[in-house]
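What follows is a set of structures to go through.
Consider the two complexes below, in which chain A is the common component and chain B and chain C are the respective partners.
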Partner chain A sequence: MKKKMRVLWLSAIACNGNTHSFLNYPYMEQFLDDFEFIYHPVIDSEYSLEDIVSKEITCDILLIEGAISKEFKRADVSVVDIIEKYSKIVQKIVTVGTCATFGGIFRESGYEETSGLHFDKEEPLKTHKDLLDKTISVSGCPVHPEVLVNTLYAIKKSAALKLDNFLRPKEFYAYTVHNGCTRNEYFEYKVDNHRFGELEGCMFYDHGCQAPFTHGSCNKILWNEVNSKTRAGVPCMGCTEPTFPRQNLFSTKKNMAIPENLPVGVGKRVYLTLAGISKAFKIDRLEKKLIDD
Partner chain B sequence: MIKLIEKIEGEAKLNFNFKEGKIDFVDIEFMSTRNIENILRGKNAFDALVINPRVCGICGHAHLIATVQALESCYSNLKLSNKAKIIRELTLNFELIQNHFKWFYLTMLPLFGHKQEILKATYPSQLMGKAIAIFGGQYPHTSYAVVGGVVCEITEIDIIKLQHYMAETLKFVEENLVKTKSENFLTCEDADALLDYEGDLPDILRQIKKENLLEYGKSYDRFISFGHNSYFKKGKSLKAKITHNISVLHVKESEMPSSFAKNVSFKDKYYEVGPLARAMVNKTPLIADAHKKYGDSIFSRILARVCEISQLLQHSKELIKDLDLSEKSYIEPSIDISKLSSSGYSAVEAARGTLIHKVEIENGMIKNYEIITPTQWNLSGGTKDKHGVSQKAMIGLSDVKTAELVFKSFDVCSVCTTH
Partner chain C sequence: MLDKKQLKKEQIIQTALELFASKGFYSTTIPDIALSLKMSVGNMYNYFKSKDTLAIEIIKYISAYLGEKLKEINEQEISTKEKTRKIVEIYFKTASLKPEMIDYFLRIYLSNREVFKESCEGMLCVNEFVTEIMIYFEEGVKCGDLREQDFFSAFGLFMGYLGGMVFLKGENVLPKDLNDYVDDITFNIYKALSAE
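Now for the complex of A and B:
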């Protein structure tokens, strides 16, 4: 019989969004054949939360969901103490979602020194440095189920995942969310007439789309296997990044009519030159409706 | 005796007081909060559309819809297309349905000594997630409903896809939950007749009868529901007497000394919210019959929640017929939010019951934001002379295990409560 990997899913200051995103993993049966939860916030487990905090139960992977503060408790024990106890015995720690990775929305919860496990927004933390080698971060608010599950399988296989500066597997986070959006042509040719409720137009120019500088696979591995925010017409909010949530999410911050944040690696001057050329195209097809005319 | 209740989207502590072998009082404590209301203060009003779905992982969409409606109520002459209204209602229905599947198969079954049915929970709830994602781009945590409508544009092909997800979900219901054509289930008006059907729901209902649990979970027999739409009516029901003329202005929140959750009352009385409340206000024949026979017990509560899956699927089918794809999805508001100082509120039916959002904005910035969640209604209480709904339902029981079943029959959500 093949050995199942034992996983502890610990929720810190969270909305359980990652928990429910995980429940959307389509091949759950297979997953549960290969992994077992010693504790999970909704899936039945052999141990209770009280067992988890009072005993030391053998475990291979610690998953942390939610922002972390020593003031925040589960079953009357500080989540930091629970993390410290299990981090010594597990092979790997995975910070699941943006809160556990960078602090996310609940960084502002008002608990003392709330942050991610290794980062407070972009800032690397001094605490838990000894765990850096053990940690993989899968950011996202929530994390995409496939990103989480396949990272766990990579751990099971002992595959060497290449990580970026924020400990995120490059296989998922080397892409930008912009890559694969159905609105790409409008971006390329600087057709900036996006309106909500339409199939046409790119949301980068006016409606705050952060996809060109957000690392993630949202437009590559679609959500719920069918769609992505930007394809549907919701601007990417940059939820995989340490900066999430920025303020004024539905509009684009500009300096002299140029978006303040440019695509990863693009300089302002180059962008201006490029924009000038692209705009000169005036492509009729992109000025018109896609379907009805 | 203090018991930690787990897997209710977080935890709560129930402190049981026994007298002569029976539960005499239960103190309910939620041990944490996340302060979303504080997080919102000082932010741009529209940012609430992104922050608020994060109140809860399982009913975040209801929070989005509540947010957008609260913000829209701040405008005096905002226009919404019928199409946008229908699309919002559809996605909200789908969220309710996914919740009910998860609650029944993950939370309820184990309490009756059955194995948790993870795949039966996830398969249909994933289909509903796909259905929401067609419109919203993803589920959970989309922000696709914005002031003025919805951001998506829908084509005939999307509708066809949607209908397939719904048909597949319906097939799941007919092959698992209640093994009959859904027309039979939907037109059945006799709760006892339902016991003769095959399926996971009748199995549990039969078990309740067989194990003499029928008297369990009775409370005040007082229900309320505010979030009216094309399916749900607004109103209250007191021992099956229904009134529709109620106002959110009489809803009051108050602090609880022992807990991070706040109490919620209507005209100083505690009311039950949720599927049973909705069905009572809507006078759904099957649920009215269950209520007549078995009162506001766990039997009626479980039946009402699961029955809502079929009703909402059926109603969503009708809604799709009313969709006019030539209408606009989004109509730009005539004033920019940054020029607006106003206040407003909304009430929406979330999976677990009435969800209320209140907002105050000044020049487009949030000055104050208040959220009242369904679980707060059902779990309010604290004093011995004034029990909350779930407290009252647990009093008189002789063991903690049954009390936990009664407690969880309200589909408690600790995450929402401790927003």
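Now for the complex of A and C:
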């Protein structure tokens, strides 16, 4: 029998959203053939949480879900202590989701100094620096199950993943969510005649879409293999970024009609010049409804 | 070689501007411009295929000229109020030193839309100038000096006021020199746009 990789899924200050996302992975049977959970909060596993905190169970990968605070305990033991214990014996640590990576929504919880493992929003932390070489971050609220699983397979195959400045695999995070968006034609010609749920119009100009400056593969690796937020008619909320969650997710912050956040790598002067040219086009086909008239 | 041709083009533009200002756009012909430059009409057409093409190139030239001046202002580390003053100053200075430029913008570009409708849709031909005004507004709002509002209401207020003053000057209605109004106009514009 081939050797399975042993994985510990540790839930810190979390809503279990990443767990639920992971349970939608379509090839779970295959996955569980190659990996086993020594502990997972909702999947049957060999050991109990008490076993995990009281003993030292052999393990290859430590997955951390949820924001981290030394004040927060699981089975009466601080999560930081559990992380420190297992980080010494595992090959790799994976921060699963935006909370474990940057602090996310639970950064606002009442626990003292709540953050991600290595980052407090964009700011690198001084703590756990010795673990930097071991850590891979897969951000997202929640993380896309294929991004998580494919990262685990890369670890299993000892494939060298190139990481960005936030330790995220470039394979999945070098692109922006804008890449692969089916509304790109509307973006190009600055047509924002969108209403929520509609499949036409760009949502960047008025409806808060953060896809042009959010790193992620949502429009390249679809959710449940069929859809993404922008395809379903909802703006990208930038959930893979350290800035998540922003306020007013459904409106675009503008200064005198100019979006405050521009597409990654595009200077303001260049953007305005291009926008001015694009806006000169009046394309009737895009201005009116294509379907459902 | 490009420079030489470019230089000639600029000479034609400058001469055309002066003739349009003195004789009017429709009364000035390509042969008139050629004569002023001591060029043959045939050679003129090597530079501009028609009077309409020339008209479009002129507005782009003016937009690039003013855009470059505004870019220099936008790139300075100064307050929005100071930027406002410098924009007013440069606009009036241009209106004094090169009155034909502002005159062309106000009297020809804005009142002969049919000439410009083919290649100058929207703000295409004045893009460089408008982009810098947008940056001035955007940075002003971002640093909290200016009030967030619709771009065109702010743009109309700013440019309408400046254009109006130059127009009055051109009609010899203004009792004082344009430059004597810089302080008051800066104050009025800034107060109207200010976040306070």
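The definition used in the following text is that the second predicted complex is superposed on the first by the 290 of 293 C-alpha atoms of A that agree within 3 Å, B and C clash if a C-alpha of one lies under 4 Å from a C-alpha of the other, contacts with A are read in each partner's own complex, and residues count from 1 in each chain.
Methods note: contacts are C-beta pairs under 8 Å (C-beta built on N, C-alpha and C of every residue); 3 or more make two chains touch, one makes a residue touch a chain.
Small disclaimer: the values here were computed from a predicted structure and weren't measured.
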{"item": "First, second, both or neither for A:110, with chain B first and chain C second", "value": "first"}
{"item": "Touching partner for A:277 - first (chain B), second (chain C), both, neither", "value": "second"}
{"item": "Chain B versus chain C as contact partner of A:124, first or second or both or neither", "value": "neither"}
{"item": "Chain A residues touched - chain C or chain B, whichever exceeds", "value": "B"}
{"item": "First, second, both or neither for A:142, with chain B first and chain C second", "value": "first"}
{"item": "Common ground on chain A, meaning residues reached by chain C in one complex and by chain B in the other", "value": "none"}
{"item": "In the complex, chain B residues that touch chain A", "value": "4, 6-7, 9-11, 31-35, 38-39, 43-44, 46-47, 49-51, 53-58, 60, 84, 102, 106-107, 110, 116, 118-119, 121-122, 125-126, 129-130, 132-144, 146, 148-153, 155, 161, 328-330, 332, 415"}
{"item": "For the chain C and chain A complex, residues of the former touching the latter", "value": "71, 121-124, 127-128, 130-131, 134-135, 137-142, 146, 148-151, 154"}
{"item": "Touch list for chain A against partner chain B, complex", "value": "11, 13-21, 23-26, 28-29, 32, 41-44, 48-50, 72-76, 105-106, 108-110, 141-142, 195-199, 218, 223-234, 237, 239, 245, 247-250, 291"}
{"item": "Chain A - residues contacting chain C, complex", "value": "254-258, 260, 268-269, 272-273, 276-277, 279-282"}
